[in-house]
Structure formats: structure tokens, C-alpha cells
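Heads up, the next two complexes both have chain A, just with different partners, chain B and then chain C.
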Partner chain A sequence: MTAEAPPVVAVDKSQDSAPPSGVRAWLSRHPLAAYAIRRVGLYFVELWGALTIAFFFFRLIPGDPVQTLIQTLQQNYMYNQQASTELIARYQQEFGLTGNMFSQYLKYMEKLVLHGDLGPSLINYPTPAQDVILRSLPWTIGLLGISAVLAWVLGVLLGAIAGWRRGKLGSAIATNLSIALSHVPYFFVALILVYIFAYSMGVLPARSAYDSNISPGISLEFIGSVLKYGLLPGLSIVIIGTFSWILSTRMLMVPVLGEDYLVYAEAKGLKGWRILTRYALRNCYLPQITAFGISLGFIFNGNVLVEQLFNYPGLGTTLVTAIQQLDFNTILGVTDIAIFSVLTAVLLLDLLLPLLDPRVKYWK
Partner chain B sequence: MRILTAVLRTIRNSRRLAAGLIILGVMVLLALFSPVIVNAIGGGKDPIEVAAYEKWLVPGPGHLLGTDQFGRDVFAMVMKALSVSLQIGAIAGIISTVAGVIVAFVAGYKGGWIDGILSTFTGILLVIPTFPLLIALSAYAKNVSLFQVGVMISIFSWPFAAKTIRSQVLSLRTRPYVDLARVSKARDLEIIVTELLPNLLPFIGVGFASSALGAIFGLVGLEVIGLGPGGVVDLGQIIYNAITTGALTLGAWPMFVVPIVLLTLLFAALNMVNIGLEEVYNPRLRGVAGE
Partner chain C sequence: MSDSVLEIKGLEVVYSTNRGDVKAVRGIDLDVRRGEILGIAGESGSGKSTLAVALLRLLKAPGKVTGGSVMFHPAGRSPVDLLKVHGEELRVLRWSALSYLPQGSMSSLNPVMRVHDQFKDVIVEHAPDRKEAVSDMIPRLLAQVGLEPRVARMYPHELSGGMKQRVLMAIAVALEPDLVIADEPTTALDVTIQRVILQSLADLRTDFGVTLMVISHDMGVHAQLADRVAVMYEGQLVEVGDVRQVFKDPQDAYTRQLIESIPKLGRRAS
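== the complex of A and B ==
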């Protein structure tokens, strides 16, 4: 924000009295650009704030990663000698634990921002934490991304139909079911699905992300296996997600149905389905795009549990393993990546919105 | 008395609110009487003691829901855990609501740069995935009391309350009657207590319900992956036990199904209260959320 702050203030002031000169005038003539600059500025403030909160949060929790590492090494290599002070100092240096907390913070941020370096991991020492995370990232993006988008599309469509056909039995059932189920945690559904399809019927696998007999690669067999193994975890996210989108879309849909332009469309003799998709739905899905961005963090939280239950090799499982072994760098790294992804997705959606919705005026 | 009749009228007007409150009420009653129920099941001895009965008894007349891997009566355990879950929800809900109300009033009523900072901070906490932070916090909290767990979880659930209440404060503070109070030289605190708070009550209720929901949700999540704070047995813990011991394959399905059904009912009830309250106090939404 610091860099962008002056022009933003200027935009507000130059609203009505604008002697055309320099940046201010340009910004008042380009409201969208002004909006974009302000939004990007806010993004950096949020990102910095969130990363800082996360860093100090983890540093203030008691626990000594170096001691843990030495213990792990001792266990693994039967290395029974007491660790020397030089060794401990060396590791502290490497893990960025020297100096007071503020200088640790500065060093961590410098490495993160300038080099994309999260420090060495403990669960997989000496592999850097960012490599451990990058290995699991595609699985989470695949599972979470596809399920979240699918749930959104299904929920918005079904919710619009439920609003359109309000008063009918089917709509009432869908609405009440959504109210009952939209706040149920994903992993409940996951547990029930595992029970039915994996234990009782034995038709779908309940653990891992692909058949370990098939070597990973771009082959039809491998992709099929990934899809088969992803079905249950994905489905548990899609089911609950769909219900909550049905509910919120229906709430947006019903007031729209009373609008004059819909009456006009009906008077023109347009078919119901066409009115729904071309006229009514367009006003509902725009706010839902913003809502989608805001819900991503929440979806990620649920996803951690789903991955853990299915032993899916994504970020969630990595996070839980790292926490069990007190691997600070990886824990913080996963949190940072999650924060970064969610905030960036929200930013992109917010920047996309004015392009999708010409009515939105952003220069206020 | 007048308040009571107003509350009753509100509840009568919304079937959804009434249904949610009835389910919640039954659960709270069960939780309140859980010591009595547990005693009755034990018939003199403690039914949740390790090795109180035989292991893995199937559900039957003696043990309505069977026993677990340590020979504890599942029905008694579920009753006790329900009360723990509800207490966690209540503690975290109250703390979050108080924090949320304070933040919302300072931010919404005062406005300006304080509002800017506070609402950006609330926004960050709402958007970023806080679950990793919660897991980490809980991993280091061994043998904490129920109250401490409640406090811990409310750190992450207060933004829900703050957001709901703040937006309402923003819309209320520009109403004519607030202006009138201000013109007649009422002090800020007086306006907040006598003019704003009464009109905010339903939204404070919504804030409470959603933070309580978030707190129970969070704790159950921690328990289910086995990373819950030590020393607290809630419904999530029973589900975790059922998963790790393979209770399903041993025919002890109630250990798995009953906590899930209870929690689902609880989440549904809290959600119904939320939507019911919003419908009643926001007439534009009435009937919108569906019949």
C-alpha cells in the first residue's frame, strides 16, 4: 500500500475538482486503472500482513526444531554422541534461528521474497521446504481446484433452478436439505463415502492418490488411476460445497425474479429456460464469483482434513506430517503457500469482475 | 416480560427458527442432564471407566450403543462428549461474540482509519486458511482445560461474529433515530447501549451461532485427524477412536454413526437459527430463503 497510497488518496479528492495535471488527472480519467492499482495495493498489504501474522504465530509457539532434528538424526543413524555446541550453532544458522525474533523475521522475509527460499525442511532434511511443498502442490491444486469449481458450477445452477421453481416440492426439498447440510464438515461425508464404497462395497480405493503398481507418467492407465483414486475425496468436497452454493444462490435469485426486466422478458414471449439462463442467472453468478474467492480459504481448511483421511499426497498431508515432526519451515511454508494462493485467487477474481459486470463502478 | 413476548412472537413467526431452537434446546437439555444419564447407565459404577465392561460389545438392551475398545459404554461416552462439544461451542461463541461486538462497534461506529485497520485485519483472518495455525497451536497444547481450548479456538472464530455485526452497525448508524440521539447530545456510549444494541441483538445472535458453529467445527476437525488438544474428549474424539480402531469392521457402528448424526443435527440447528433470525429481522429476505 505504501507505494500506491498517494495516488489513491488523490483519486478520492480529484473526483469533482480536477485541474487536469499529471497522475491524478490520469487516474480520474481511468477509474478502472485506479481501481486496479488500489486493489493490487491492498493485495500486497494483506499478503504482508498475513505472512507476518503466520511467521510470528509459529515463532511464538514453544518448541526447538534443532533439538528435534538432532534427535531424528540420532535415531536414524545410531548417532549416539551428544551434539556439540558447534553443531547446534551450525544448524541454528541454517534454520534461521540466530539473533532476536525481529532479525529472524527480516531474514526470513528477505529469503522468501527475494529467493523464494523457505529454508531447509526437517521431514526430508536437507531438501529445502519449498521443494517438499512443490511436490505436493499439484495434487492439492488438482483435487481442490477441480472439486471447488465443480461444486460452484453445480451449486449455482441448481440454486438458480431452486429459486426459479420456488414453491414447488422439489425446490423446497433442495432448500431444506441445503440448510441442513451446508455447514456439515467435508470429512463427515468423506467418512460415510469411505464406509459405503471402500469398506462395504469395496469398489473404490480409500487411500493414496494412485495405484502404486502403475508408475507415474502421462499414460492413459495412470490418469485413469488418478481419477479413480480422486473420486471419493473429490466427491466429499463437491457434495457439501454444492449444497452451500445452492442455498446462497437461491437467496440471490429470488429477489431478482421480481424485477421488471424479467416480466418484460416473459411478456416478449421468451421461454422460461431462456429467461432463467440469459436474464436471471446473470445477476446471480456475479456476486457468487466474489463469494467463491472468499470461500477458498475455508475450502482449503476442509481439504486438509479430507487429504489426511484419504492419505492423499497433497499439501494437507504434508502439513500434518510436518506438524507431527515439529518441522517449522515446512509448516510455515505450507501456510504461506496457502495464504498466497488464496489471496492471489481473490485478487484475480476481483480484477476480473469489472470485465464481467459492466455495471460495477469502482472509482468511488 | 415485554421482551419475552417479543421473543416468543419472533419464534412463532418463523418455523425454521423454532425448529432450530427446539433441536438446540433438546441437545442442551441432554448435555445438562448428561451426569444423571451417565450415572443411570452405570448403575452405581462409572460406565466410562477403562475396562468397566467387556470390550466391543455389540449394541443391545444392556448397552444401547455397545462398548468401545476399552470396554467403555458408548452411549455414556457420547452423552458426555456432547456436553463437552456444546460447552466448547458456548465458550468460544461467547468470547468471539464479545470480541466481535467490540471490534464491530469501534470499527463501524467510529469509522475512519481505525475502521480501515480493523476491518482489513478481520478480512485477512476471514480469507486466509487459518486451519494450519489452529493445528499448530493445538499440537503444542497438551493437557489443557476445556476453557483454555475454548479460548484457543475463539482466536480463529471471532472474525465471523465481527463481520456480521460490523456490517449491521454500518447500516444502523446512519438511521435517523441515531442522528436524532446525536443531535440531542447523547454520548457515544449512551447511543451504543440504548439505541444500537437493542436493534443489533438478532445479529449478535447470528454472530454467536456462527462462531459457535465454527468453533465446534474446528475442534472436531482437529480431533478427527488425531491432532486435538490433549485432555478434552468431545464428539470428534469418539469419531477418531472409531476410525483408528477399525470399529466399523468390528460391528461397533454406533461409535461412528451416532457422533456424526449428532454433530450434523447440531450444525443444521445452528444454521437454521442463523437463517431464521436473518429472515425475521430482514423482511426483504422473508420467504427468500425458501419455505
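== the complex of A and C ==
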């Protein structure tokens, strides 16, 4: 990281060779733009590849969603008649299950890319899957997004301090606590929190996302209720997330503390906090930014249980219901959302990194 | 006495190991006179760098000072024992009175800060009243060591070794400290750059009137730069004296060896 790069002599070829022309010359003169274009191109390839794999992967699940639907209809509406072959054919048409796998794939991609249509959902037939997902998405983004950002900020700051004060008692306690707690599953902490605050003390609600007596809308009462109901599930994610970020930040921090520029900063007589933030943390927090982007995907998957536990109307709960009902379109839709959000987050972070650290250079 | 910037008395530094303490500096008495360039010579492991970090109070565990006193007489401030100041008192003393010139090949510059900002933070920290003047000060300081103003906008990884060393020199004298301790300022630079750096160091003394303590294993550096030279061997001073006197008539056998180790043209290793 600190190895000295050989001095790079910038040779401007446009001066001594043939006069520049066309796209290539423009790109060679704007390396940052060339990099961005290449990176965005790669993003679309990744997106396409991941969506394709997800599509075929889910088609390998044994079972027939249409049969499941008929069964559900029979149960729910006491639909006692044997479904006619005609009806089944219509449903198969609607769910995009006609033709061979490849033509199904083409149809699916066409609808997804051109119309943003994921097909009808089973759990809420005939509501389209994207509507079912969009209904639960804000809850997940609100709960998990805020918790994840909070955990990252807290964890990186505390981890930096723990690394900075290594050898001291407080740092040792924080480090060991992090080692013990960083891999405890979210739902376990959630259960403990529920036991203490909801069951024993009875001060916080343990289920749902807001008080059902309050009608949803932009009102202080409703927002207060959402915050109150989100506190326990949010807290369980923040606590565990923070501990794992503390551990990894401390690990990145310690080698930087041995660098010459930290001794130099101390010799300069700068204030401790300034050395910590401007000299130590600024030189080691970059991997944490990338890790945050990647962690978004795990947050989507890993917090299914937290949402289930709190009966939170988020994406996780929707996903579990969809899996139980073999709702292809919704399961695939939730997966697509996770793929999209992780790839987009990593893309944005990749484009951001050269601005955060002058040593990061992707281009030649 | 009043012309001394630093009075070192009986300084002892040990490194604790699991096989007992290793004495790196064994009772050194040395005065640094105001305005002089004092060279500290000696081979690797003689304790000269340990002496430097101990004086700068940058000694890290397992090293520790076990004895002695270091009276520091900054101009316009009351004298202090450098070994007894702590925390805020020490921090305030740093750079404005006591500054440090590390080896340029070491990564002493923060890789993610522009040169400009690495000047600015130390100036603003110790001389907040000069905050407005910083933008004028930096090009002047850079010019003093033969660098163009545009260097201020660059990052350390865009500089060559010699340029880095000059930037460090300019930062070292930015607040006109009473004493600059330079640890191997020319090591790891090629010989032509070494010459230039030595010349700039000599110029800095003339221009800023700083007192310089130069640690180097290279007797050639002392011959060119220092007024007086102190020779260390196994943690002790074996000889201190005027540089010409020492070179002409070394009193100690070890000093003689060191002087003879300077390569001469026409004499080949066999």
C-alpha cells in the first residue's frame, strides 16, 4: 500500500505521433471517463449474467406453481370443482410457463427490461409481483437500510478508536466483545431484546411495523409509531452489525498505526483526534466502503428471520411467504432486487473510490 | 550555558527484551549550542537513532528512558526537561520549538493528503494566527528548498525521493523551531541528490538560524555539513569536538576507523 511506485513519466503520445482522431483518442485523453464507461458497461454485463443465472436457477425448483395456485384457490374459496385443463392453460400462459425454458426466459427478460413487469404473483393473485415487492420494499429499506448505515458508521468509528487505543483495557474489552458477538445471528439478539423490552418490561412492541390503530400517512403520530415499532428489530441489526464492523476496522487500523507517517504526525504535535481521523482512519477505511456495498446483499438475505420474528411487513416476510407458496415470480423478483441493489451499490462505490483516495487508480 | 539549546546529562535508554534489558544509550552527556550544526556519527546499532527518538519523545515500547535529564531552552520560553513533559505541554512544544526531519525514503508523508495540507495542519495547529498567511508561506518555504509552488498541490506518491526529502525539510523549518533533529537525512538518496540536500540544509541554517542535530552513519555528511561532531559507539560517546579537529586528529581509535571508512578515489577494496 505504501510501497513507492516508480515515478511515472506521463508521455503524451498525441504530440509526437499521428494527430488524435475519433473515440479512441478522446478516451485516451480522458482516462477517468474511459474508466467510468468501461465500469458501467461491466455493470450491465454483470446484471444480465446474474439475472439470467437467477432465472434458470429458480426454474430448477421442482413443483408446479399453477397446481399450487389451484390448491390455494380450492382451500381459500372452497373451490371444489376440478380445475379444467383450459383454466390451467390460461394460468400457465399468464405465469409465463408455456414453451421451452429458453423461450420462457426470453419472454421473462422482455417483460422485465421493457415493462418492468415481473409477472403476476401467486400469493396475491392477480396483483403483479412488482407491486407486492414495492409494497414491502420501503419497510425493508427503512428498517434495514438505516440500521445498516448506522451500524457501519458506529462500527468504523468505534473500531478506529479500539485500534487506536490498543493495549488499553477499554479497547481489549471492545475487541473481545466483538469477537464473541460479531457472529451471533441477528435473530438471536432480537429474541433477547424482545424478551427484555417487550416481554419482561413491556415497554416496546414486539410485532408489526406500526400501531394498527393509527392510519398510515404523513403524520407525526404515525412516524412516531413507526420509529417505536422499528426500534427493537433495528437495534438487533445495529448491535450485531456494529460489533462486526468494529472487529474488521480494528484489524485494518492496527497495521496503519505502525506507519512512519503516524510517528511523523505525532512529532508534528497534532491533536490525537486529528491524527486518528486524518492520518490513521483515512488510510485504512477504504476497504470498509467496498465491504459495505457487498454487505447490503447479506443484509437482504440475513434479515429475513428478523422480519419474520417481528412480523415486519418487509421484503423478508414477503420472500418467506412467497417461498412457502412456491410463488416463482415473487421469489425471483425479490432475488432480482437484491442482485440489482448489490451490483448498483458496488458500481457507485467503485466510481467513488478514486475520489476518496488519490492512490486508487483503475486506469493506466 | 545560556548558549545551549539542549543539555543532555546522563541519558540512558534501554530496550526490554525477554532476555533482559539491552542498553542502547549508556549515559550520554552532550550540549547542543544555539545555531550550530551538530553531527552524531556512529555505526548501525551504536544508539544514535535511539538517541534521536528519545530526544524527540517518540520512543515506543519496548524502549524506555531509564535515567538522565534533557534540559531544553527554547527561545522566549522557560526551559523544560524534555524527559519530564507530558501530554498537552509536550504537544505544544512540538514543531514550534522542537521539530523532526525524518529520512525521506521513509513514508513519513501522509499518502492521502496533498503536500499543501501537510504544511497547513501543523502551521494551523501551532500558529493559528498565521492561518491566513498559510497560502503565501507554503510557496516561499518550498522555494527555500528549491521546489516549485505546484508541488504543494501534489500527493506524496507523485514525488521522487529527493523531492520528498525537500518537502520534509521545508515542513521542518516552517515554524522556525529552536532545534531540528534530522535522522539520516541523506540516507537512501543517490549521491548527486545527497549533495543538493546537504547544501539546502546548510542554507536553512543560514536563512532560518535553526539549530540542527544531524544523525548520520556517513562521515562524509558530517565533514561537509557539521560544525561539531559527536561520535557514538555502543551507546556511549567516544569523542566530541570541532569537526575539522576531529577529522585532522581523531583522539579515539574508533573515530579513526570511521574516518578511514570514507571511500576515496584510487583506493580499492581488496
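Worth a mention:
Everything that follows uses one rule, which is that the second predicted complex is superposed on the first by the 342 of 364 C-alpha atoms of A that agree within 3 Å, B and C clash if a C-alpha of one lies under 4 Å from a C-alpha of the other, contacts with A are read in each partner's own complex, and residues count from 1 in each chain.
Keep in mind that, in the parts below, contacts are C-beta pairs under 8 Å (C-beta built on N, C-alpha and C of every residue); 3 or more make two chains touch, one makes a residue touch a chain.
Being a predicted model, the structure only gives us computed values, none of them experimental.
In the superposed model, A:342 makes contact with chain B only, not with chain C. With both structures placed on the common chain, the touch criterion links A:54 to chain B but leaves chain C unconnected. Applying the stated contact rule after C-alpha superposition, one finds that A:181 touches chain B and leaves chain C untouched. By the document's definition of touching, of the two partners only chain C reaches A:259; chain B does not. Of the two partner chains placed by superposition, only chain C is touched by A:269; chain B is not.
In the superposition on chain A, A:172 makes contact with chain B only, not with chain C. Contacts of A:278 after superposition: chain C is touched, whereas chain B is not reached. Within the complex formed with chain A, the chain B residues making contact are 16, 120-121, 123-124, 126-133, 135-137, 139-140, 213, 217, 220-221, 224-225, 227, 239, 243, 248-249, 256, 260, 263-264, 267-268, 270-272, 275, 284-285, 287-291. On the side of chain C, the complex with chain A involves touching residues 56, 58, 90-96, 99-100, 102, 105-113, 121-122, 125-126, 155, 157, 160-161. The part of chain A that touches chain C in the complex is made up of residues 1-2, 4-5, 7, 259-261, 263-271, 274, 278-279, 282-283, 357-359.
Interface of chain A with chain B (complex): residues 42, 45-46, 49-50, 53-54, 57-58, 61-63, 162, 166-167, 171-172, 175-176, 179-185, 187-188, 191-192, 195, 199, 247, 250-251, 254-255, 293-294, 296-298, 300-302, 304-305, 308-309, 319-320, 323-324, 331, 334-335, 338-339, 342-343, 346.
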